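The structures come next, written out as structure tokens.
Next come two complexes built around subunit A: one with subunit B, the other with subunit C.
So, the complex of A and B:
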């Protein structure tokens, strides 16, 4: 299977890069910073700061939830933008795209492999935040029954499962942005431009989501359901938002995947 | 050249397919099996024979009253006295569970937060996840306690109230069948006979099988979107899991014990209520009624609401009132799509579902 071998080498290159590890470390630093700050300060009054911040001192697992909440608007899109924006434009910028295309693997397959690499990173990023958050929270604070938004309590094992479920929700949420990044990456030979454009896309979408004048547009924005991961913290779980989010991201994947395919297969590769 | 064209084909097809899918999904779904035709009386009967059911469902509520949106984020959000007032503005989603007359749970799903009302037997709990507070009350045995279930208007309660208010002033008809939460439903339409009211129509969708009201839609004159609508988007008539009605306050939550309304207290309250009622004057009939509150009732009510430190804050009742009203000759007007409230400079308040001119006429008549 040349496709699988190509994916293996793509992932090997991605996760051998110092940049990838630096980004994952920066993401891991968010829960550590939050947990240490809460540990060192006096009790946080409820209702101040990001949601769930006051719960961390009662239950360490909330360090992961709070960190994900903080990372969603900017940090996660930033890292996805760097990885997805680099996929094709990075190779073009280094002058290696020509050699990749000289191999018998077609352009379509190369695009799929590149996208799969970006998606693997989109999965790794939120799980890093969740697991590091759960670890540092468990180390600094007691871990016990977790209070959900509905006021019901669940055991620590089930709470950990929900934490991982939230990370999975965020991984799905980032698929649309990865597809946008892939398309941006096919447009240019300058990787930084594709990265910046992808991040700008994420920010503009969130700004538009905050404007009540654009209410008709809101359900169509790929960032619209990013914060709905809180529905997984209700009892019983609201699965509707998970399904609706998956459908929305699938739509973005189809549109921007098709655009990227059209652009990449018709492009003159000179470098 | 043809090959280039082929490569761009998926990029053009995919958005077209998505658009077609969305259009097909948004077409008004017509009920599969047409319901047997019924007269308005028969539909009312169908509602009346419907008894305390067991169900679980999701309610969607939208308001288009023309009130300013309350701050949803930041410090002023959902502070004490405005938390429930906030339900009148903007859209909300709530999950409702009910098992018989004694078990009920309403979950108002806010962004990153939730407000819960749980009734289990005689135990009544309120929970707000935003500030992690809970309130508890024990309902007097036997008595029907209205609060808790009235906090979020479920369609059957709203319909019962509206039907009670229904009299000769309205034209009642049965509209075309609709589909609510995937169920075929009758649509009972009330149209005020008077043209001097702001109300255009009220439609209640009634489940064709069980007679359970599934949704209420209130339309204002000159507004195409409903001014207020609440309807189920999902409904299951099976009894919900019993664990849903079990509630104990989470560790770390602030629990407030609410005083139990005993007979002496309610007696005194009724007396006070009667005294207040004596001062409230109503002029006009039916939909055109204008209610007059005497001078001073607002001044008395305002400080009673909310703690002093909340006064003047972005979410406080006083600042909201100032924000929501506009100056008119002789006073200030709180204008919404369905109700106009005229607050005169001398303190008298006139309210009704009528245009401003009628309120001013009622004020001038005294």
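So, the complex of A and C:
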């Protein structure tokens, strides 16, 4: 399949870039920083700092959950903005876009492959935070059964599965932003502009989500459900918020994917 | 303008590239204006013009990177951009300079571009990349990051990218940019060998000398319009001939020439400091063909001698492509190298 080979090549380029690894390392630093800080302090008073911070010393797995909570508003959108904003504009900026299209990669195919690459990163990013968090937590603190929000208790293995489920929830959450970044990326030949615009979108959406005056708008904001993964910490798991979030992100993907397609398949490549 | 007819109206099947009324408008400006190109199959075609004359825009439209505002393009007999998927795998291109991922090696860059071509067989990819790198003399730098390449090496890598698969048409935009004289010679040799293999080579260049050396055909662009095209020999002939006179009696000579209806062009500095021990050099364009009342060169010499002008050197010079170019575009040409 030529399309799959192009995707393989795309992922090769993405993950052979030092920038990609620098961003993943920065994300990995969040749980490490949190866990080490908790380890070095005598006791964390409950109710201060990010949620679950006080529970890390009892159960290391919470380092992953806390780190994800911390990363959601800014750090994750920032890295997604860089990768998704770079998709088309980055190739245009380097001048490689004209050679890909002359190969001919096919505009539709290239766009799909570019988006798929961004989504792979959107999966890698939260899973990096979760897995590094679980690892550093297990190294520095005891790991044991976890008491869920519903009051039930689950073993460490299932707790790890829940942790990864939250990471998956975040990966889905970032699909809408990736589609926005892809569209921004088709508008310019300057990758930094597309990256900044994408991050601004994420920030503005979260600010709007915090304003009660805009309540009518809230259900339509792609960031509205970013922190709604508490349902995954109940027994049995309630999938409603997962499904609602996936639907919301799918809507953004459809709209901005179509805009990106319409723009990219008709634009003059003069870079 | 003295546009030549499209290369003797060859049937479309004999043309590798054919544009009809091709125009491209950017805002109010016509970057390409009613261009009718006819590039015969198997030719080495020089695409000439000063900077900003619309060459690269024309190439971008030919390759489907930009859409024409009006007019049509056929490449290898197929309509572009409709048949882009079947046409472009048979076309190798170097467009507006090479462009690569600086953080990848030369070989990895070529593997990437080759993977973007759905027709390129994956099984032979590595072997084809190696062959292409060898062909441009970059085998030793295959695993070096492109960031560390010199401009000339990037240029060679760009040409290697155009040679990844057997091509029927090569579109090379300024292929010798940034190359040293040795590299330039190698590219000329490469172009000849590609043409010998039966490929059509479409070379855009601002280096006229280069085009004169390797091309069989040429076209000249000026301000978005095609002002001339055809076999190189025809283009040269269409240029004006001139006489070159070496004499210490420049003033008297100029009067004689003027009396015969010629317009001598002052010697000395404007013609490159020719005032030497033997006298000054005067140039005068010869009216084309048998224009009424125009003197033949021998009549001119006889008249000069009769007027006691000491003729120490006299020659009829065939117009060069450069003269032709200046005549058509009213602009100078970079003839460096």
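Criterion: the second predicted complex is superposed on the first by the 271 of 271 C-alpha atoms of A that agree within 3 Å, B and C clash if a C-alpha of one lies under 4 Å from a C-alpha of the other, contacts with A are read in each partner's own complex, and residues count from 1 in each chain.
Criterion: a residue touches a chain if its C-beta (ideal position, glycine included) is under 8 Å from a C-beta of that chain, and two chains touch if they have at least 3 such contacts.
Since this is a predicted model, take the numbers as computed values, not measurements.
Visitor: Pick one for A:74: touches subunit B only (first), subunit C only (second), both, or neither.
Guide: neither
Visitor: Should A:2 be classified as contacting the first partner (subunit B), the second (subunit C), both, or neither?
Guide: In the superposition, A:2 touches subunit C alone.
Visitor: Could you say whether A:101 touches subunit B, subunit C, both of them, or neither, answering first, second, both or neither?
Guide: Only subunit C; A:101 stays clear of subunit B.
Visitor: Is A:13 touching the first partner subunit B, the second partner subunit C, both, or neither of them?
Guide: It touches subunit C, and subunit B stays clear.
Visitor: After superposition on the shared chain, which partner residues are touched by A:266: those of subunit B (first), subunit C (second), both, or neither?
Guide: both
Visitor: Going by the contact rule set out at the top, does A:231 touch subunit B (first), subunit C (second), both, or neither?
Guide: first
Visitor: Is A:110 touching anything from subunit B or subunit C once the two structures are fitted on A? First, second, both or neither.
Guide: Once the two structures are laid over each other on A, A:110 reaches subunit C alone.
Visitor: So which bits of subunit A does subunit B touch that subunit C touches too?
Guide: Dual-contact residues (subunit A): 266.
Visitor: In their complex, what parts of subunit C are in touch with subunit A?
Guide: Residues of subunit C touching subunit A: 60, 63-67, 84-85, 88-89, 91, 93, 95-97, 99-104, 108, 111-118, 120, 122, 161.
Visitor: Can you tell me which positions in subunit B touch subunit A when the two form their complex?
Guide: Subunit B reaches subunit A through residues 4, 7-11, 13-15, 18, 58, 69, 75, 95, 107, 109, 111-114, 116, 125, 127, 129-134, 241, 244, 247, 249-253.
Visitor: Touching subunit C in the complex: which residues of subunit A?
Guide: 2-3, 5-6, 8-9, 12-13, 16-18, 94-96, 98-106, 109-110, 266, 268-270
Visitor: Which part of subunit A faces subunit B closely enough to touch in the complex?
Guide: My answer: residues 46-47, 51-52, 54-55, 58, 69, 144-145, 147, 149-153, 212, 227-228, 230-231, 234-236, 238, 240, 251, 254-255, 258-259, 261-262, 265-266.
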